[in-house]
Amino acid sequence: MSRLSSTDAVEAGAEAAEADAPAVDVEAEALLARLGDALGDDLVESHTDQGAVWVRVERDAWADLAGFLRDEEGFGFFNFLSAIDWMPSPFGRDMDSSVDNALDPPEPKEPDPTETGVAGGDTRFQLLARVNDVTSGRSIIAKADLPADDLRAPSWVEVYPGADWHEREAWEMFGIDFDGHPGLRHIYLPGEFEGHPLRKDYPLLARRVKPWPGLVDVELMPTTDDGGDATEGAEP
Amino acid sequence: MSLVPGLVKGLKVTGTTVVRTVFPKRGMRTLMPAPSKGAATVQYPHVKEAPPPRARGVIALHEGNCTACMLCARECPDWCIYIEGHKEKAPPRRAGGKPRQVNILDRFDIDYALCMFCGICVDVCPFEALFWSPEYEFAEPRIADLLHDMSRLSEWMETVPEFEDYESGSVAKKLKVPPT
Amino acid sequence: MISVLSELSYWQVTSIRVGAGLVAVLLVAGTLVYAHLFKMVSFMQSRLGPMEAGPYGSLQLLAEIGKFLQKEDIVPRRADRFVFKAAPFVVLTSTFLLLVVLPGGPDAWFISNDLGIYLAMAVSSVSVIGILMAGWGSASKYSLLGGLRATGQLIAYELPLLLAVVGVVIQAETMNLQEIVLAQANGEIFGWGAIGNPFIITQFAGFIIFMIAMQAELTQTPFDMPVAESELVTGYMTEYSGLRFLLFFIGEFATAGVFSAIAAVLFLGGWYVPGLDPADNLLNLLGPLVLFGKVVLLTFLVFWVRFTFPRFREDQLQRLAWKFLVPLALANIVVTGVLKVVV
Amino acid sequence: MTVTERQQLSYIAAQAADARVNLEIETEGMTLNIGPQHPATHGTLRIVAKLDGEQVVAAEPVMGYMHRGYEKLAEVRTYPQVTTLINRIDWLGSFANEVPFILAAERLMEVEAPPRAQWIRTILFELSRIANITLFLGDMAVQVGAITPVFFAFRDREHVLNQIEAATGGRFHPNFDRIGGLKDDLPAGWIAETRQAMRKIRNFCDEIEELVEGNEIFQARTRGIGVIPPDVGLSYGLTGANIRASGVDWDVRRDSPCGLVHNQVDWKVWTHPDGDSFARFWVRMQETREATKIVDQLLDGIPSGPIMAKVPVIIKVPAGEAYVETENPLGVMGYYVVSKGDLFPFRVKIRSASFSNVSITPWLLRGVYVPDIITILGSLYFILGDIDR
């Protein structure tokens, strides 16, 4: 009955897996090669998986990448631009069983060492964008590392005008500055809003002002040591 | 471009709708106006449409089946289910057996002001204690009154319909609604 | 009837006429609102419309009036208070003034004026002033845009409206509405006079132009840019509430009724019923009902169009008026004039 | 540095967003606030338009009045709980919202739904498209001033919503898609009723064609208004019918199908060369008809079998990143899901169609008349929940 997918996809998250992936995507490889030629050392890492292509570039080459993709490769369609905060949430998941003692929540933990995902990464913040070539159906996901003390990147607005609002959103949600953007201002949040909500260290108040109602305050059932018919009504 | 201007065609569409609404029984040659049959709407408090049996109207609680295991409260994305319970010794089921230990439900509240009607609690309940009822008339004038307690939730159990049959080709198992 | 009236003193006659005028405006407006806005449109949209107040919702309008009267009469802080408050009355005045020249029967008229239709066309423009007052006085941008649109539109459509009437006037050789009715009643269609000669037959182009221009005068879709719900909220009425909004609302439908009555008089033979002697005293009673029937018919057309069509854009509307309706109306006048002289 | 009109307007819009008060800036023109509460913005979008008479000098949308922060909320919810939230992104075609997210999670888990589930998923996906676009067809007429078509739309959309409700239990928020399949199988008699509903929708399309599309006034109002050249549209990220109306023959359903069975049936991607408001209306009209055909064909061939693949009760998604996009009613919707092998997604980037579709408005609204603002916004067709997420 179960139809677990049998595709031998590469293990996601594996670094530099594109070189020894079992089924080499020729087209993607060629694209990566051309990108490598164009960007040189600025192309840090790349990854392909089930037809999807990830590239990670140096921050300074961020705009060059867009220009190259649009003008040389025909990726005319701007899909989205955002960012990822790779720091694990210091608040945990707000409803672990360890938080069962809601009246005495644990102190925010020290952030765990940051693990980044596909195509690797060295920093906490990573830009994420995707562009498509609608005629050939190709797409590419671009990433760029941003050093935490200098959260700025070249803007894509010159190349893809549609990046305007996406960059405003990334600026508002992550605090990333985009050089050359015509007007970075709040897009969703009120103007006086402080903080960057999508950063992991920004607490989600809705989960903090109210205790988790899932606390089990029925003391745990002793094991069915009394024999008999204890199955009914017993907690598993 | 057709010969008939689009403006006239538009008038025809609205005109026919008027006729169809006022004289719905066209085939039977009756010219009795019956707009209340021809209209697509119903006069709500007088006429009520029956939602399909699967409609997620309100969550009904089968109190006897609930063991206060908290699974629904834990899985609720909105944290709108509040459960309290305690343990009791129950008389043995068979004569001569040992007394059983059962979980007694003290409180089972659902805050319908928060509930998103996603149905996760009904899905996760392992003891068949929660059911969807198509009942929808439980509006309250004050938001605080939407916190419904165990007895109210149990009352809705009567409105829970039997599960429907499945469409042909299905191998899904048909569930049963426990008698109240 | 004239004999009865002549025995009464002036003030009695005047109060009867004022009462009749009020009834003629408000009852007609109420009926139109119920029959067309509440019911016909609902059926057009596969719904039932109001059903709760009175049998089949027939008292809904009273409930609405009660609701509006309870509401606070809000004047925006930066509004020009006097202008803002006076505007709905100006609009309604224009409606009542329009009514005075309308004949309802051989003797049932308010005033019999030899300049009847001329007067009607003149006072119909008064409502523009009211609308402009409302638009300007509200101190709201939507209202201002709506008021300006209304002014541009109403002025543009006064002209084809007037020119469409000229054809009738040429044919009837009078501007007195009562005599226009009589001219239709006594007229003949190529020697066949059984139904008189309603000018809709000979003046069909004029009728169409009149109806289109009337639709625009009434600011009904497809010419409803001044109120344009989806663009300007409700245009010049945006800031109004309570009684004053109700006055605009009544004014809208009452004007629709009165304009339809003028159209009925000009083109459909007014109060005349074919087969009866136009001087028959019975027509003093029957006439207003006949006229009312014709009004309902014409307003049905108005509202059918209103709830079927999208609206024009302002520039398209002006283009339609100046490049299509005005030349067509002028051509109609020329043709009518030539035929009048030749035949 | 000279300040361009655009920059000045951006400044005004920024001030407006900051202060959230009515603008009273008097220049030689007039600044008109359309929204946030306005009959034409179906939701709380606000357009700050600078007018010269009735002509728009520049216009800038201000949004965020309905921002719910789903990307943040999704980080503290388990995968099954997230579908409840994302139902509410595009609330008119809500089942379609769940699909790409579930597909992304399935890709990470390397699970594939059984054929019957895929089939029913696709049917419901297309039904939500019909439910969504049907309303557009009526709504567009309301934007240009005709009131009746929207009632027809509400009337006939009901048939589709009834079918969605009968199958999923929810009219607007089905929450029916599960990782590895569907929550439940179809109820008996559903297929026949759905066929009937499709027939009614086709009748509705005929009616709208006569009432709206063929209407000369409607054509005068929409033809040549808001023309989007294909390359501009693409660089702004326009998708769906908006870009197909500009002649770009691109439909994710056909070009990169993922988890849905559109490629099993015979259908056509409609494009229109004009790129104006009328073209967008026309393309959506054809898409609705095409969707009814897709549904009809799929109903014929629903395979029998289970509706759930074997997935664990407690869903932990293996670490990885996946981006799945589908052709939703409003355009391409995608979810970039980052998992760290936990119960909760680590990061969900929601690529919603309307957000990109509306981002072209400052470019598009320059030089048009006030009524055209409404026409253009109506024809771009956005759902506020899809902009603000």
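We call the chains A, B, C and D, going by the order they appear; numbering starts again at 1 in every chain.
Here is the rule we use: contacts are C-beta pairs under 8 Å (C-beta built on N, C-alpha and C of every residue); 3 or more make two chains touch, one makes a residue touch a chain.
Just so we're clear, the structure is a prediction, and the values are computed from it rather than from any experiment.
Chains joined by the most contact pairs: A-D.
Central chain by Cα centroid: D, whose mean Cα position is closest to the mean of all protein Cα atoms.
Separating the centre of chain A from that of chain D, both taken as means of CA atoms, is a distance of 24 Å. Mean C-alpha positions place chain C and chain D at a centre distance of 44 Å.
Averaged C-alpha coordinates put the centre of chain A at 38 Å from the centre of chain B. Chain D has its Cα centroid 27 Å from the Cα centroid of chain B.
In chain C, the positions touching at least two other chains are 44-47, 307-309. Under the contact definition stated at the top, the residues of chain A that touch 2 or more other chains are 95.
Multi-chain contact residues, meaning those touching two or more other chains, occur in chain B at positions 7, 10, 13-14, 17, 40, 75.
You'll find the chains touch as A-B, A-D, B-C, B-D, C-D. Contacts from chain D toward chain C in the complex involve residues 30, 32-33, 38-40, 54, 141-148, 151-152, 155, 211-212, 215, 217-218, 220-221, 369-374, 378. On the side of chain C, the complex with chain B involves touching residues 40, 42-48, 51, 304-305, 307-309. Here chain D touches chain B in the complex through residues 77-78, 80-81, 83-85, 87, 116, 148, 152, 155, 158, 162, 165-171, 173, 175, 183-191, 207, 210-219, 302-307, going by the rule given at the top. By the touch criterion given at the top, residues 2, 5-7, 9-10, 12-14, 17, 40, 51-56, 75, 77, 116-120, 123, 132, 164-172 of chain B touch chain D in their complex. Across the complex, chain A meets chain D through its residues 1-5, 7, 9, 11-13, 50-52, 54, 70, 76-80, 82, 84-85, 88-89, 93-95, 115, 117-118, 128, 130, 134-135, 137, 141, 159-162, 164-166, 173, 182-183, 185-192, 197-198, 202, 204, 206-207.
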